Amino acid sequence: MSQHTHTQGLVELCHVSRSFGQVKALSNVTLTIRRGECLGLIGHNGAGKSTLMNILAGTLALDEGDMTFAGQPLGQDYAVNQARALGVRCVFQELSLCPNLSVLENTHIACPEIRGWQWRKQAAAQMTSSLDQIFPGHGIKPQHIVADLSIGQRQMVEIARAFTAVDRPVELVILDEPTSSLDARVAQQLLSFVRRFVEGGGSLVLISHILDEMLSSCDRIAVMQDGHVVEVRQATDYTRDSLVEAMGHAASPTHTQSDVRSNESSVADPTASESMTSGASNAPLRVHQASGPAAHTPVIEARQGQIIGLAGLAGHGQSAFLNKVLMSRQGAGQVAFVAGDRQTEGIFPLWSIAENMAITSLKGLSQYGLIERQKVMAMANQWQHEMGIRTPSVQNPMGSLSGGNQQKVLFARALGASADLILMDDPMRGVDVGTKREVYERIQAEAAKGRTFIWYTTEFEELSYCDHIYVFRDGQAVEGFPLSELSEARVLSSSFEEDVVC
Amino acid sequence: MVGSPEWRAHIPRLLRTLLPAFSLTLLLLAIFVMQPRAMSYFGLNLMLNLAVPIALATIAQMMVIAINDLDLSLGAFISFVACVAATWLNTHPVAGALALLACVGIYALLGALIHLRQLPAIVVTLGMSFVWSGAAILLLPSPGGSAPDWLRTLVSIKTPWVPLAIVASVVLALLVHLLMVRSTLGVRLRGAGGNAQAVAKSGVSLFKARVTLYAFAGVFGVLAGLCLVGLTTSADAGIAMRYTLLSIAGVILGGGEFVGGRIAPIGAVLGALTLVLAGSLLSFIHIAPDWQIGAQGAILIIVLALRTLANRIGARS
Amino acid sequence: DTADRRIALSNNYAGNSWRQVMLESWQKTTSKAVEDGLIAGADAYTTAENQATEQAAQIQNLILQGYDAIVIDAASPTALNGAVRQACDAGIVVVSFDGVVSEPCAYRISMDFPASGVEEMDYIAQRFPDGANVLEVRGLAGVSVDELIHQGIEAGADKHPQLKVVGSVHGNWSQTAAQKAVAGVLPSLPRIDAVVTQGDDGFGVAQAFENSGRPLPIIVMGNREAELSWWKKQHQANGYETFSISSSPSISSLAFWVAQQILDGHEFPKDLRSPPTRVTQDTLDDALDGLAPGSILTEPYTVDDALSLKAATSSQSAE
Amino acid sequence: MQATLNRQAWAARPWIWSYVAAVLVLIATWSFTGGAGAGELLSGALSFSAFFAVAGLGQMLVITTGPGNIDLSIPANIALSGALAMKVMNQQDSLIGLGVLAVVGCGLSIGLFNYVLIRLLRIPPIIATLSSSFLVLSVAIVYGRSVRIQPPEGVYQFATGKVLGVPWVALLVMLLALMMAILLKRTRLGWGALAIGQNPRAAALAGIPVERIRCCVYMVSGLMASLCGLLLAGFSGGASLSMGEEYLLASIAVVVIGGTSVGGGCSNVPGVWGASIFLYLLVSMLNTFGLGAGVRMILTGCIIIAVITAVSGSAVSQAKAR
């Protein structure tokens, strides 16, 4: 039977529209999700991907249009519980776990079928097996409280939760930017599971801004632009450049290492850096680490105008390091921070976009100690333009922005501040390709003007924009090397070295 | 398992959950040192029996706090229940029982109203506190009434070995722990407080969750009022007004938080007992009357400061 | 002989001047008694919150401490009954005063509140034989003393039909609350000739009238220094005359003596009436003489007063 | 179209409703009395609600910094400050300045003390301020027993005086409210407090001096409460220990009825005034109707709930319209 329905759609969306006030998030979208395929959904920030998936998952009502599931039309009253009953699961872009509950308790929330006298045991077993299957070596216990997990671990829990089948099989899973908070290794684990899942007959929708992932994991890719699906083709028909072009960005040549500005001459070997003195007026930032697992722990040094990259697997203390630097520098007021975990560390939900943007630069926006509203608005409008934040007005609430656009606001907050040291905690989570490129250029331009960046990233590609890279393991930087010595193998080997022993 | 790094990572959390027990022990020790007579069946019962209604009130408040609301009417509600119990329940048991049931119903309705119209619970319950007080004054314009005999006997049962007050507190703590922490219902209710949007996206009805929690609050409020009137044998319209504040303080002292569905039933009961014992300790130290009220504050501060200290030392080791 | 006996005072509230003077009076009387070796100890305990439940817990703690007698100014006449019963069962003498308890095993010393209400109305009737508009300022709703005085006022209104109670507000026995409540209703009221109060609120009422610019009515006062001073000033300015009545805070020492005498083996009836303290125009200057600012008029009681009280009460009941 | 626009403007300003409610109550009172004593009632409302408002302003700032932040030491603070003012001023006009200084110092120190308990001893704010209120009340009892009851003439004149029927006190508190509004809308301290109330962790990471602001917030609350104590003592002809008791609930009530979110991060200065006036007029109205205490209280509660339901009803329907 599954062979028979393979070409027929599992889910069909016909002429679906949805708007939020004046914003038309989706207009007239027609899309088919087939059985046993992984459909990729790609598009710029605010294109309407999450909105479409929310409609599919039953958490948003559509304004116009029809949906069918396995040939059966879904009524106007289609909602979460019906979606669940049909075997549709969704991992939302903004994580949807209860931080006060443990992992297994969160499993019950999503799978109420797990109940009865032994429900804890059952939920723990389900969750462990699901996690083991998708993320071998995850290190998460079902009893852990979610608030204690790092954002990457939370994402793993949520993904694994979506694949736990209790009573009925999972038919369709929607993954909305599942890899944004995962490091390369874990992301790879997920993607290979995705292939196994669809080969087993399941259907899957994958949203991601990382092109390579899309190209390698999806069977077909649908491209969205401003609320429309502009084209759907086999993944093999696309190349990186043609995808970018289809999304509506001018296709710029793929980034290579050679066009990164290289002021490597000013970068010294970190082990030798202690003997170096800087001629610049700003003394370099230097962080000595307590002795760690590795034989030699490098002194982390960031000089004016440098971009320092922090690499390594997620959860190995990069954020903690950034936090430490932030707290030690904050007294001087010359430091800004771009959060990656925007929900818990970045946004102020009750405020408008403009206020969210201005909060770090208030000193410069005030006169006689009073904040000038015009200056705030001017700043917000300017940065909306520069970052391409899609919204009718910067006075709209922060929550009306799509995930990637919220992230851009956080970027604007830090870049707009007068800080000369900017710390970035995996800041590109959810930002689309076109914007990313602009931001990379922007960061380099700012660095050239004398600003210093410390940049933790989970994407290997981004390390090539850094002057100097430190790899973290077990809470410590275990190795540091200049850009010229960067290679994926080197980063991987220092991230893993002793992991094998454990 | 014990001693593994896995386990060690959870020591701070474990310590935090043990803190309410720590402060209670600290207070009990101080009292025993000052008044050895307190260390007896009779002594413990005397010190703790009035803590039981407060513990019940604290649990009621905790139900509301679990969904990120605050009940400012609890004290007035319990006073009203006490008045009903001392009048109608005594003279017309059936009518009285129905009235108490209706009270629980009103609580559930409040939950529904707050959810459907998205009202700030604190304002609604503030308004309700006037309503309950007014109703209590209409019922008992001046103090009086008399608790039904069965209620009086019930609260003065002599349990073997351990006084009723302690048995009741332990049973209460464990029952509510089972209900709110161990059961699947409790998980959904706490989840609704932890991340309302997320549980709604998983198909849990927030409406049901809030109504259920408010109904629970009503039930425990009624129990608190009955227990109180059984102990005092008669009622007045303002008998439990302070329970509002005490119950909030008890929840927080027990390790609960105002938002995020972080509640700890066992801690809440311990917190209520701690507050009551802090008052008792005062009677065992001889202080000039002028400073007695201040000493009450000082005792609370010292107990909490010691527990912060213990927490820090524990977390460091 | 009570030289090795100990007495405790359980008090539920210390936040107003009446209670402050009451505690002071206890302190003075008992420290003398302890010095004289009449009694081993007499400690005063005040709860932090004005709550019957907290006071009940306090009484239970006092039982635990082994006091021989407990003197109570109660937050509620009924809510302490459970604890009082336990004290009686433990063989402890319980004497309640001012705020009395209804538990039969306890002794009660209090002013005749309804009678004082009637007396206030009597005074007004005498000042306005042709009738008057009266405003009633009550205490805290739901508390028995408020209800008792109110009953007295109502009885007085029945007794003097020419007096018309045109308004009634709750001043919560607090100067500021009374001022606010009165200021709130005044605009809607006709001319007020007289105001009856329950204590600690007369001065607030006077303030409300002064601020409203209305003619000053006869405000029946409650023996507070502020009230009496204001009265005196008005009298000097324009011959203002009124009347003041309240229970004396030193009733705590009276209760102490009663407790001590019972411990000593004397028999007392369960219900004792303490006389109110009154101030008239004639006694105003004497009353104000030596009265500390912010204080309240009080009469010292001795052990003889306790005995004569017993005699008076017994003769009353014999009638 | 016009109607929906208006509706949006109203829902965006929840404080309007407290004024609407106040006006309705006023009309109800006047129709009962036939308009007698109208001016008197209004000017009374202005001066009495000024005391609620000034204490409420401080409480509002504390509540703004997030759930769990609440200042329960306001009543004790009022009692102590009133006593302190009267004693320092000693009925002499020449000492008024010194008295005001003492009161300001007292309020700021109580706020600082609260903050120290919260920060250094890590005591939850609600319990910290409760404990400190006991201590402060004890100090007030010990210190205030021999208080000279009368305020100096200058203070009394100021507290009870009027200009064009508007009490001076009300003008002063309006000025304070204006300053508070500017503080919240236009200063870094205010923005910081609002940010902390929404997401304290994000606030710290965005470079906001979280602890310094928390400290300021509690100190401002202490200051406001002590000013309330001073004014109240002046207004009612002297300090008394029980003077602040009703402010425990009232200070919270005016804040939340005025539209400030208890969840933090959103504050509402005009609402504090509106709610203060509303509460005073409501009690006066029910007193005027001459109802018994029980019925009066029930009506008070029902009216409060009805008002809040009406307000949120419009907000909900507007959200749906979006």
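The letters A, B, C and D name the chains in turn, as written, and every chain counts its residues from 1.
In this text, contacts are C-beta pairs under 8 Å (C-beta built on N, C-alpha and C of every residue); 3 or more make two chains touch, one makes a residue touch a chain.
Here the structure is a predicted model, which is why all the values come from computation and not from measurement.
Farthest chain from subunit A, judged by C-alpha centroids: C.
Centroids of subunit C and subunit D (each the mean of its C-alpha atoms) stand 33 Å apart.
Annotation: 35 Å between the Cα-based centres of subunit B and subunit C. Here the spacing of subunit B and subunit D, counted between their Cα centres, is 29 Å.
Chain geometry summary: the mean Cα position of subunit A and that of subunit B are 43 Å apart.
Residue positions of subunit B with contacts to 2 or more other chains are 133, 136-137, 141, 290, 292-293, 296-297.
Residues of subunit D found to touch two or more other chains are 134, 137, 141, 261, 293-294, 297.
Across the assembly, subunit A contributes no residue that touches 2 or more other chains.
Contact between chains, as defined at the top, is found for A-B, A-D, B-C, B-D, C-D. Across the interface of their complex, subunit D is touched by residues 20-21, 326, 330, 333, 335-337, 339, 344-351, 355, 359-360, 362-363, 366, 369-371, 413, 417, 419 of subunit A.
Subunit C makes touch with subunit B in their complex at residues 11, 14, 23, 27, 43-49, 51-54, 56-58, 60-66, 76-83, 85-86, 102, 140-144, 146-148. Listing the residues of subunit C that touch subunit D in their complex gives 14-17, 20, 48, 138, 141-142, 167-170, 172-177, 179-181, 183-189, 200, 203-204, 207, 210-212, 225-226, 229-230, 292-294.
The part of subunit D that touches subunit A in the complex is made up of residues 182, 185-188, 191, 194-195, 198-199, 201-203, 205-209, 261, 265-266, 322. Of all residues in subunit D, only 67-68, 72, 117, 121-124, 126-128, 130-135, 137-139, 141-142, 249, 252-253, 256-257, 261-263, 292-305, 308-309, 312-313, 315-316 touch subunit B in the complex they form.
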